[in-house]
């Protein structure tokens, strides 16, 4: 019976529902979103690719010519790559809406512009 | 025909199936049905039986044992049916893709209509995936059937 | 005298030469390596002095033999790991399900993963191994690498 | 076919730095290594696992080692926008004397207590949130260990000189990785400062947390086991009895029972770290602020401010009345002593490198590179003419100037060598700091410049290439070349110093690209 | 009432009452269960083998993904085992942060479970309220760690993130709210007839059986046995934080509910205490990547009970053998005992009573899934029907 009184009480209050996607709350500061590479800082050491627990990062070539392929569909969003990167080349973004119809468009490529 | 499409898009019912994941995506998917996120706004209901469902939301990497069952559940769903892969594991197998008892992502077994990566995806991200899937339903696109 | 030391003394008195090594790496942890034939005797003794809770049984493939580690707990506090080595193929490990009934699933698990036979266990039948799983492949043995397992199992799946 | 194991930088580091014994355990490599493969333990650098398992194109540990040639010119960029430069002092904005206002601090420290006062003030104002310094080990009072200070009072335990290798660069990494500090002040000897600057030039991520680098002057460090053995065998001093160690002309070991043992420098020098005997940097030329003693003045320190941020923090401390200053021009003796020490270190270093080369012993890569440039630098130097970079408004002295007067000029302009020119503008010779130091301080008032000056001068012409000039410098072992007219060999046009050439070498990073 | 013949009824793996695939074969006589055979393994991924392939750093994230609900418990246990091997301790501040995150996770897990449990008895209003309020704790966890479920807070040698002074007031505010709500829910549980009728004297596990079958966690404590790893074998900062071990003598599903509610309140107090007494200082010690040879056993009180990890290292950057035993597996024998003599309609709530987490449990055990597939699917609708009927009868 206690719950009925409660239900009536809450009926009069503002709803808690966030009407996503029409209104949205920004993720808190420090949210672990998609990692993004700053290729001007990347030295192509390949550590991120080897330390990634799920093999979501592929590095092609080494050094300045290195090309990074990030597979969002494999990413665990753990942030270990960003933590390990010696040069702060990896930043975690704030976005979380990665849903796609196709896995091929979930690959992000990064290459140093010359 | 367009009426049919409209009906489909306004009340897609979801069947949730965990194929061997870690529970993280399951609780987030469930959280999307609770008051804070409330996907029932879109006419979406969580269904217990595959016979009633339009969308199969799969969480977790597909393990060997569960593969046959997943296919069976999918086959029991009425046409047109859609598959939503929730979480990175369901998308690709993620950290478990080289485990001996894991086949990989859901798309190794079933045709997948939308992928929601994230480990786990926030309930908002799952809603985003569902909304995108609904858009696909509205457009009338069904995936080509492959086995 | 610490509780750990008292337990170690008691064990030494009881099991004597059947103990190979005793090691107390830190407080509330005891590692004991015993001879295989002393298993039931030691478990019984340990249960009587209060180790009624069994946390799990771990199997470790050490090459030519398999190491079984029984993790027992005393009132939840002291974690005692009882170790014994068994031969990989020709071995006799008595069950302890009649001493501590809670061990049922752990023994099955080890049987499944390492191929250790527990003599007298009520139900070691094909319950755990799926029918499709190849016979005599115990996935946690070092012999089977992940690739090997994947190849052999997936191949079989494909053939079906 | 090279495997990834051959390519990793650690192999170079081991071959060229660790095996010859050049490592001074600063720990920069430990804090820089992203996979923690290097660890300083038990006074040696340990390689804990094969880093090739994780990465195969990483040059970081070799690049940031203070004794390798890599990144040297990039590091100059941090201080090179200072208006002044001088041989032996480096780039700087101002040079002055300073002391802490708080007498307690001065008593605790060797000299003016400036560093401690500065850091305490900066922590109080929130400019920094922690400082990395060194403190004495409690058990053996002469061994020092790195200390991370979080509250101003912590710093009190650290007011002391460093004469032993301390892993402060490692402590820097710890402060960032383990304590999560974001505003760090770093205090270290020249090699530590160089390591930190190299890390900064490498753009290592832990450097985002660096606020200010304070360099100390340093002659050399000792290898601790060797020194304690030496003191025990030769003087019967136990390491535990030592109260403090001072350095002024002699190496003074004060004991707890009040006795002082004075040891001559050549004798003690044999027990320094081998790398220190080949180090040319006395004043921490890459720091934001360099601080050193002000011998013979007691309770004062010599401060060299090199960068804008150094100026800012120092000015703030002066304004807040924690530090008081004096002009260095008022104390020519302090300046003379300071520069003499600097030159002494350079001289020893050059000699040692020469000696080692002659005997075929290994020398650290930093020493090789500074003398024998790589093709890129050779191209650059060959393409530039002396007239492009020479200083044209040369400060000159007349032959009739007394040495005291010359010292006053030197203290004012901070150059170490001056052409001697007669009234008609004819070049007569050159007088350098070395010449002055040969005369006893008491007699300097009565000696004229022409009595000590070299009449033999090394000159070049405005159209000679910098490479030629550089080779001349090497050949004659000097740091200055006077540029004269091609027709009139007595007509002074300008002067080029070694520092000028160094300055040019960092151009490619900033200008040519 | 007996029909004199025993019928075998499969339950699962896909079932509305279970969010995870699991299978139980019940032998029923009429409405009464006479025997049960658990068949677990649908979630088996082979994680223990995968552990041997990965480096210690990568394994942190793998350990986290053993289970999504007790992810912090698994990483705490894992990192403690490795720290034990290295002979190093996490710094004091890190240990406090570990406690805070672990207790927040316990609140989140218990309120999640409470919601599921009332959902199993058809009380969806209650379920919705519980899950709405649970978002408060999820928000704090997201604020602290950057993710709602996989916090990735622990690393070998400490924690990765600090709890900064700015977010402490937010945590305190949420805790006050949660405390108020939890007290209300406890009152509501005690007074709601629906709950009492469906849970009191259902799924009884006597203390003697609980000990004999090696049950763990709230399941054991609800049988009146005072046993908690946090108190008995303190890890992290639990030896410095005062707390009570909540027990209840009811031995049934209702007392399991009360124990978990009590633990939520206890956790709230512990977090408050930890936030007040958190020492300053370092967050983590940098650990070498290679671990010297040795072995270690690490235990943690996960929300579901005692969690034990065993690690053996061989001196390289990868473990030689890693063993995980999750609390659910330990509770399965006790669960089977609970079922016997109960009504078929009570299966979901009894099963939910141990707070099963098959993801944790199944890393290791295989099962034959080939039989009874068709049947089990039919059972879903059957079970749904049973649930509805039962509710109808009550109303």
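Note that the chains take the letters A, B, C, D and E in the order they are written out, and that residue 1 is the start of every chain.
Everything that follows uses one rule, which is that a residue touches a chain if its C-beta (ideal position, glycine included) is under 8 Å from a C-beta of that chain, and two chains touch if they have at least 3 such contacts.
Just so it is clear, the structure is predicted and the values come from calculations on it, not from any experiment.
Taking the definition of touch as given, a chain qualifies here only if it contacts chain A and chain D alike; those chains are E.
Path length between chain D and chain E in the chain contact graph, taken as the least number of steps between touching chains: 1. In terms of C-beta pairs in contact, the better-connected of the chain pairs C-E and B-C is C-E.
Distance from each chain's C-alpha mean to the overall C-alpha mean is smallest for A. Farthest from chain A, judged by the mean position of CA atoms in each chain, is D. Among the remaining chains, the Cα-based centre furthest from that of chain E is the centre of D.
Chain centres here are Cα means. That of chain A falls 42 Å from that of chain C.
A straight line joining the Cα centres of chain B and chain D is 65 Å long.
For the pair chain A and chain B, the distance between C-alpha centroids works out to 21 Å. Averaging Cα coordinates per chain places chain B and chain E 25 Å apart. Within chain E, contacts with two or more other chains are made by residues 41, 46, 49-50, 53, 55, 61-62, 65, 129, 132, 135, 147, 150, 366-367, 369-370. Contacts with at least two other chains are made by residues 35, 53-54 of chain D.
Taken residue by residue, chain C touches two or more other chains at 130, 132, 139, 146, 149, whereas all remaining positions touch fewer. Pairwise, the chains that make contact are A-B, A-D, A-E, B-C, B-E, C-E, D-E. Per the touch definition, chain A reaches chain E in the complex via residues 1-3, 6-7, 10, 16, 27-28, 30-32, 51-54, 76-80, 83-84, 92.
Here chain D touches chain A in the complex through residues 32, 34-35, 53-58, 60, 202-205, 208, going by the rule given at the top.
Those residues of chain E that touch chain B in the complex are listed here as 13-16, 19-21, 41-47, 49-50, 53, 61-62, 65-69, 71, 112, 128-129, 131-132, 134-135, 138, 147-150, 357, 359, 362, 366-367, 369-370, 373, 377, 380-381, 384. Partner chain A is touched in their complex by these residues of chain B: 35-38, 41, 88, 91-95, 97-98, 105, 107, 113-119, 121-122, 124-125, 127-129, 131-132, 136. Touching chain E in their complex are the following residues of chain D: 35-37, 39, 48-49, 53-54, 150, 173-174, 177-180.
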